[in-house]
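You will see two complexes here that share subunit A, one where it goes with subunit B and one where it goes with subunit C.
The block that comes next holds the complex of A and B.
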């Protein structure tokens, strides 16, 4: 769905909303603090027929379901790699000594992940829907880390299908909802345990209880490896909707709030694991890094940013009394100056003035692009340690993975 | 994988261990979603369906040639002209719903037919004449498929319409029925079966029947497989009987939810509710 969905608010209402959101601290229509998310109900593992699934219900009634299915697919061999494969891999098969080196050779491809978004009442080739799915898959594939997890061996890989369904009618811009649901579904995704070795045709353990999670839980990693005990393992990305009104930064805006946004951004972040610290040879530096990590909780990494066209641009402007003929404004260029304009010493034509200058309490849709400083501040606020992202990730961690 | 029907005669048990006249486990909920006018969730065995009803509302602007509400599976409307509300049914079959992931494209013929069947079935029961020049949007989401899909869709849509408070004559309860041997076997003594699962649906002749409430009035009868006419009567009788059981289940779900809503104070206890057991 397009973010520029019609909002049935009059210019006067928009001006009021904008004014209350510009206050310090801002007053939001639903009484939330600027960084507070809408309360939500989440559950995972709702569909036994999928590799991972999740459902999230926001308090405003919007609801989404995500199902993840995986299939084994043959990797297309590229000419360059083919020769390497024949030289060293073909005969030895599963040699333990080679395991380490093949671990490093893991590489993923963006085509291994397929994402579809279904929104009721909209065609699936709708530009808004396509934009949503592009944003979500972009965040997932941005660092190439995710696709690498789908590597089985040099000849096979997992093909992951992510089907995102919005159940409710789109009441607000569904990006945060879909992103959080996808995050949970990926967290609960398990792939069968590989039994075959090396480049054999893959053969899997049929015990589902033994199937490892695609994103290993932190408690499990601490059980298996001794080095990365403190690591919060890498998590799937989350995409947050952030908007700016005057000098305020507001998270998870509702539809009405988005209608008065000066700028809106979709920011994708992920929390990274201590991959780097375990690989670090120097034990002192490693310890320092771990200490730092413990202090900070988790490293947040920015994956992608997209500007969202705020629907506020398409809202009708209000007309100031000064320019309103019904209130005695003169329409002629050289008329007598109305009362409101008398304090102005300059000889500005009142009609022109009201169209170009901001008048207190009269709604003017924002024009032009967002300022760089504003965009910078938005991103900064998202990446802030102990901020909203931490809160959201902590909350999602609390969801029981069925 | 062909279904082994030969073992049925030994123990009179079906592949999933049911007797011939047993329904699968049915679990249903209504008012699952706060934002919708009416909503429901229905499980029949492993077939899981969600339904969201919006309306009756003023019909929205029609975009292009596509019907409003024409999500994934496309929308199909019925009624509508002048004095009656139009029932627009959109069905979205999730890609992950079947065993192998399959993308169900828009305008898929089978989905469109399901939608039009549901739409016509409900048009028979809903008092659409009370809402002229309006539209009732029913969007159905199939989350998991294991046979009897049409029956589950009709049942879920009925529950959601009840939740939306749209006046209707009675429940439209649906169920499937089949026969224990294939058409080719030409077995005269084949027993009828109630509520087919996916495996049985693939191999055995089957039909979907929906009745209006407690009566024997058939609202929907869909048979897409070849079957000897002599077996049809038995299958239909079993199916209609299954619909009655299904109606009881749906009715219980609605009543339980009603009692809970009165207890929570969401709605006031009206007159004539004295006989409801408030435990």
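The block that comes next holds the complex of A and C.
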């Protein structure tokens, strides 16, 4: 499992951070409440040559741009499907019936979405970058719902290129930023309106103003429902970074906070309005499908969970005063040799003890795996009805799609 | 409200004819600490310090050959031979045109043209108080990140060895160099010496210097827009904080690294209070003769003292004040931080979330900055 970036912090800093984040309620270094995100500046439609684009900028200066570009691609026909196509080709007169039974025919393929993540200072085949891109694309493709939207007809589909670029150096683990920007870009993505019918070569409307959104807004669902007949208010997925310190659950951790995390999870969630339970979670992608009833009628659906290896495990442990040679030595060196001897000998025991026992004020990196109950609580907190995810989705929906 | 999403701000006009932006004024005075080096720069700095900010900014458009006072590297500033070139500029061979070598604003001091960079790394000067992070441990020295172009060096011979200031450095010390400072540790130190290439040598041979603990670290360097730590009379102070949270130490490193921590009484203060010394194991009382030894006993500790919740909250609030100052392009010095802190406490009392709310991001930061600049 790829780990997030390593941060260099002193044991004293780590101990302080851990202590302040373990309080109830936790005191975060920047004063945010546990569920509060860093304030961000967002805009969409910044790249004129794309089908959809977005830019998000955090107050600390981290900034990401996402561009979505679509092109029509011929669907490779597999032998089995080919015969079906020929069979149904004869039935093409019954075009009206297609809409009704299209659920099964609209098949998406993971290869229809190509995602590249660029992070300055890192190679594009760096494990961290590859992990980020895998996490973001798995959230998109986990339920197959997204790729199905790209279906044009049985011979053609849209191929979507998502280019995710982090402009600034990664000051904090960039996953939430990239995910939110991707979400916004997909919300603003529009595809030309299809004029042709059935399986003929696709022919599109020139009028860009008539182009429907890939994800129709809930208010406009009645206006443009030509492309998607399923779950009209489905939103693109968002991936949130959640971490646990002691008994506290903290959203959108900064770099320093992540450095003392006991456990960190990247949870991908989407919202649907359809009440059909799709149990087609791909076991390879470690995805789970769950449904959660929610107040406003928005169903949050868990798409995937990934554990992030927090850098806290790699941090150096602090040295307790009792075991610190430089701490006691000064007193011994002032002429009291026997006492120094004594201190040296007593120092051996605390060194052994500090490996297992916690001393207050001394940093001890977390050992072992995260507890089941903690992970469960993290996921529960994310999926909570009317909770953080709802507000984040509402806020993102409120961004003007210029 | 867990998330706030704002629309982007409209781009600020680069240089309006009478645009006396407050940011410009502060950038002039603050950048002194970053780039003011050498005779010309000092001269320059004195002038812009004496002048009120508005006067300085209105001088920029006075340099009429340019519509914008913002220049990029390689941009020709003027070819008029009456001007002398200052910092951040060069004259290309075979030409007489003064060209900018950095991205920044043009400043004019009499006949001297210089360009103040928008963002610059710290340029060490002898005597600067800096906060640094150990990034490398070598045989006889540490390499310290101080936000400069190069890592600073802290030789083993330039620290107070435990057991008295006059102790000779031994091979044992070299072998256990990591017991003093290890990778990641934060130190407060002073620039002792400069190399020709701008690299610095630090020392911690004072009881005020050494390893940092009991607090939080903020880096405000590398931020554009004119904010940042300014070289000032006092870089280190102890202040009383609200909510009965005791005292808090603030160290503003000239390099833009800031340390905010709980105030721990030094043995000298303890002695004044009649308490036993920190190094109780010494048996003898704390006197002027053995004070150094006892101080140096806690100098290399990486164990935090117990810190009250209230103190942690006020430390977080102070950190928020520093960040708000930086984000709003204000200078960071004792005066501003103390004023800003009191303002923040007032704001928290007035806010709906009560005095325990220490969040100072975004709108509240702007509110704070507005209150400070309005004073």
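What we mean here is this: the second predicted complex is superposed on the first by the 327 of 402 C-alpha atoms of A that agree within 3 Å, B and C clash if a C-alpha of one lies under 4 Å from a C-alpha of the other, contacts with A are read in each partner's own complex, and residues count from 1 in each chain.
One rule holds for everything that comes next: a contact is a pair of C-beta atoms (placed from the backbone, for glycine too) under 8 Å apart; a residue touches a chain by one contact, two chains touch by 3 or more.
Model, not experiment: these values are computed from the prediction.
A.B. asks: Just from the overlay, do subunit B and subunit C fit on subunit A, or is there a clash?
C.D. replies: clash
A.B. asks: Under the stated touch criterion, name the partner, subunit B or subunit C, that contacts more residues in subunit A.
C.D. replies: C
A.B. asks: Taking the superposition as given, does A:369 touch the first partner, subunit B, the second, subunit C, both, or neither?
C.D. replies: neither
A.B. asks: Under the stated touch criterion, which partner chain does A:385 make contact with: subunit B (first), subunit C (second), both, or neither?
C.D. replies: neither
A.B. asks: Look at A:20 in the shared chain and tell me whether it touches subunit B only, subunit C only, both, or neither; answer first, second, both or neither.
C.D. replies: Second partner only.
A.B. asks: With both complexes superposed on chain A, which partner does A:69 reach: first (subunit B), second (subunit C), both or neither?
C.D. replies: The answer is first: A:69 touches subunit B but not subunit C.
A.B. asks: Looking at the overlay, does A:118 come into contact with subunit B only (first), subunit C only (second), both, or neither?
C.D. replies: So A:118 only meets subunit B here.
A.B. asks: In the superposed arrangement, does A:11 touch subunit B (first), subunit C (second), both or neither?
C.D. replies: After superposing on A, A:11 lies in contact with subunit C but is clear of subunit B.
A.B. asks: Quick check for you: in the superposed arrangement, does A:171 touch first (subunit B), second (subunit C), both or neither?
C.D. replies: first
A.B. asks: After superposing on chain A, check 62-70, 170-178 or 278-286 and name the one in subunit C that bumps into subunit B.
C.D. replies: Stretch flagged for C-alpha clashes with subunit B: 62-70.
A.B. asks: Shared contact residues on subunit A for subunit B and subunit C?
C.D. replies: 57, 59, 61
A.B. asks: Given the complex with subunit A, which residues does subunit B contribute to the contact?
C.D. replies: 33-36, 46, 48, 50, 52, 54, 66, 68-72, 90, 92, 94-101, 103, 106, 137, 139, 141, 143-144
A.B. asks: Which residues of subunit C touch subunit A once you look at their complex with the stated criterion?
C.D. replies: Against subunit A, the touching part of subunit C is residues 1-9, 133, 135, 162-164, 167, 176, 179-180, 182-186, 211-217, 223, 279, 281-282, 290, 293-294, 296-307, 309, 312-313, 316-317, 319-320, 323, 327, 357-363.
A.B. asks: Quick check: in the complex, which residue numbers of subunit A touch subunit B?
C.D. replies: On the subunit A side, the touching residues are 46-50, 53, 57, 59-63, 65, 67-69, 71, 116, 118-124, 161, 163, 165, 167-169, 171.
A.B. asks: Which residues of subunit A touch subunit C once you look at their complex with the stated criterion?
C.D. replies: Touch residues, subunit A against subunit C: 8-13, 15-17, 19-20, 23, 27-33, 35-43, 55, 57, 59, 61, 251, 315-316, 318-321, 324-334, 339, 343, 359-363, 388, 391-392, 395-396, 398-400.
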